[in-house]
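What follows is a pair of complexes built around chain A, which joins chain B in one and chain C in the other.
After this line comes the complex of A and B, so read on.
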């Protein structure tokens, strides 16, 4: 089953989904700069119809943590 | 940067590490390794002068207390108030030092020495023969403490033991010249003790060697370029330009060299901390420059200023860029030249962001020639703003006047 969150990150960052995992963060992904971080927030909010708070965005340091935050909003991913 | 206390600190640290590492790796219990890390850090500071310990031991114990209080208050009504008060309390010494340097340094030296002389006479006697000293590493310690507290507040860091916080606070390799390591870089190992790995040890030693080469072989011959900021008025324009360019390389090689030593020393302890520089002078725009220059500070500011101020929303991104760059600039010193430096770089970053959003920038990949030209232009821009880091306000018009060939009559 395809991972919707990984595909979303791959599309925004312009990298292949295979290069990403739940452990991926900005420190090990050159493409994940502040501009992309902004695009990622918008893309997540749009794709999962959620609104992220500042504290949640500050916490989202890896794809895995982003997944936890989205799950915490009742979205099954 | 290439000054006596910094050099002494690293020489002492490497000697102390040589003595401590066999014991460190012989201990197979994580908490005892952390205790040894904290003690090593304390000894490294104490060898410079015991005065530093009188300041930093209570400082990091206070940080540990604030961390606990923030954890206890999480989710309660008073959480935000406690958090803001904690941040303010942590910032007081740093801001006092930057705003009232003479008064603060006098007070720092007098009170800490008086404490030692009164309550710990043997250390007080040793301290008596030490020089009058700045509170070394305070900017780094304050920002690392703030980072820990902010990450605790947003629940990115769970409750930690005091020994772990002290091991983070007194992690010797990064105390004086950074990098600004995050708690999770040192704290994510869970309860597993560090095991000796030959490949990591060789890689750490290699980095220390590269760092020493940068500092003593490459940067050292360029150190006299700093003097151009004092003698620009009596030198020809071409000499001023040449020395300014040499200074930018001295500044980079010196800082990057000490960072390599710090990262290498951390690796000798089994910790992989992130570096600070990644060929910043070869980047083709100002955003890429900042993404690769003093990266740990840039990352710190992105985490703790850019995101909270709204950098992730289009409508608030401009103010976030300016707030981030002003924080980075004023971290170095609270002064008008540094405020100007922050403002100029924030404006450049904003202009770069506008250009990146422009359809022409997205149309096709730039040619090799354009990329090289852009890297040269970025380097020139950075070079022209570096004097703001080194000059007092009254000397700035004279220096820039000399760069365009104006004679200085004063």
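After this line comes the complex of A and C, so read on.
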């Protein structure tokens, strides 16, 4: 099954979806720098029509945490 | 509301920015997979994080026909970038592959302390800020003198600093005064720099709305102050500026009359019955006419193409007190029942300009579609169904934008109309020789000086028909040729009894010993057919002959447009040798008898 969030991260980070999992974070992904983090915020907000708070953005240190945050806004992913 | 109009309605913005980023990703994949060579390489620098601009500006440039690539300087290092742009953008080639540098700066980043002190009543704060502005000017001056490409820099937007709000616009100690002082000082400084273009970030912020353009979260986390929608607007504005700097602008606006210049149909409603005046909908048409008149004052030719009885239309021009345009503003008109594509071709012929220099405005889908089908070079603008949106039409479709408006531009309608009078005189009254003699043509041929640079650059970049080689050059490149001992840059000015045409010809010659190569020879098409080309060539030859040149060579590089000069060398006595033509300077034709030349200093 296609994981929309993984595909979104792969697209923004410019890496293959297979190399990503919910455990992936900036520490083990060179591409995930602060500019990409900023792009990810916009991409998530646009793709899921949600708005993230500053605290939520700061908390999202892995794809898994991002998934929890988005789910917390009533989005089923 | 220009900004919102450019972008479409606000609620679609989120969708739009998503699509834009997707498109940019696809463009990057495409261009990297075919190793496409970039046609426009842009360096971006900002006092804040500016990376989000890349996809929007990139897509806009792609739509304008470029293959763009980007390099972004390190965050908040605009001074370092100005002084060492090669390092900042990682440019190592010589000549540099970078063609454009855009710098975005804000008071919030560069002068936050001074602004804060100012609103708290510190009497020295403003002069401290102006001192910083001097430093910035010096840095940009350094950039301008070391970087050969285009330079665009922002006008600082109204500060978003949380200590100030929009109410302080009326407070004599408030941020409004601080901002206005910095802004006007900055505009003056940039104007004195020459060849630096301004991106009016302040106007864009006003259009978009101060709060709508802010993203406080990204500012806090990434020093990136703006929403994606606002970056989209900045991208489209920068694209517009770069288009104006790099492409020839349109020369003529061709207008329909009924439901374009006024509301209603003159043939049915009569002069008294059409909508044109102070109240809507007449006011919308009047506002549109005012914009057309403004374009005209900046050198755009205004023409009419209307299906009407001609006398009905002129009756409106003459009698309706709501008219802003009058008959003298119209350089050419075709008011008849013939198809408009045919009429517009005649207008182009009469004004001696290409179809691709025309913008056609009409309220009828039929006319627009027929024009697009038969004259695809013509840009077509459809009048909006709701007249309230008509005054926005030319604000959004900015085909006439140009870097500089020269005095030749302002007088253009008069000169073209003089040309029409001359053509009629030529047709009806006398033989060609008699006609030419009656013109009392004057030509001034001399070496170009700095004061001529703007006009020369304009001609070099937009002359299509009478142009032997069609070599395009930037202002900097031409300035360098003027400095060089090896090159000589000549201009031709011309006047006759109908009017003064100003600077209408450019010749660039490369001299090596006894041999000269005619690198560029071009003339504005409005002075063709009077022997001025022969006068110009003979003036150049006599000047370089004085420097010891005995032979002159040249090439005809064929384009789609320059057929008129295909026979230039042959008719001036040159002999062909492979791709080149050569002639002895002594044997070139002399200046025709009907032209008086003045090859010393120009006599304005």
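Here are a few things to note about the model shown:
Note that the second predicted complex is superposed on the first by the 77 of 77 C-alpha atoms of A that agree within 3 Å, B and C clash if a C-alpha of one lies under 4 Å from a C-alpha of the other, contacts with A are read in each partner's own complex, and residues count from 1 in each chain.
Keep this in mind: a residue touches a chain if its C-beta (ideal position, glycine included) is under 8 Å from a C-beta of that chain, and two chains touch if they have at least 3 such contacts.
This is a predicted model, so every value here is computed, not measured.
Annotation: superposed three-chain arrangement on chain A; chain B versus chain C shows a clash. With both structures placed on the common chain, the touch criterion links A:4 to neither chain B nor chain C. When the two complexes are overlaid on their common chain A, residue A:33 makes contact with chain B while staying clear of chain C. Using the contact criterion defined above for the overlaid structures, shared-chain residue A:73 touches neither chain B nor chain C, since it reaches no partner.
Of the two partner chains placed by the overlay, only chain B lies in contact with A:59; chain C stays clear of it. In the three-chain superposition, chain B clashes with chain C only at 75-83, the remaining stretches of 75-83, 93-101, 129-137 or 237-245 being clear. Residues common to the contacts of chain A with chain B and with chain C across the two structures: 34-35, 37-38, 41-42, 54, 57-58. Note for the complex: chain A touches chain B at residues 26-27, 33-35, 37-38, 41-42, 54-55, 57-59, 61, 65. Residue ranges of chain A in contact with chain C, taken from their complex: 11, 34-35, 37-39, 41-43, 45-47, 49, 52-54, 57-58. Those residues of chain C lying in contact with chain A across their complex are 14, 17-18, 21, 25, 49, 51-52, 216-218, 220-222, 224, 228.
Against chain A, in their complex, chain B makes its touches with residues 150, 153-156, 274, 287, 291, 299, 302-303, 306-308, 310-314, 317, 353, 356.
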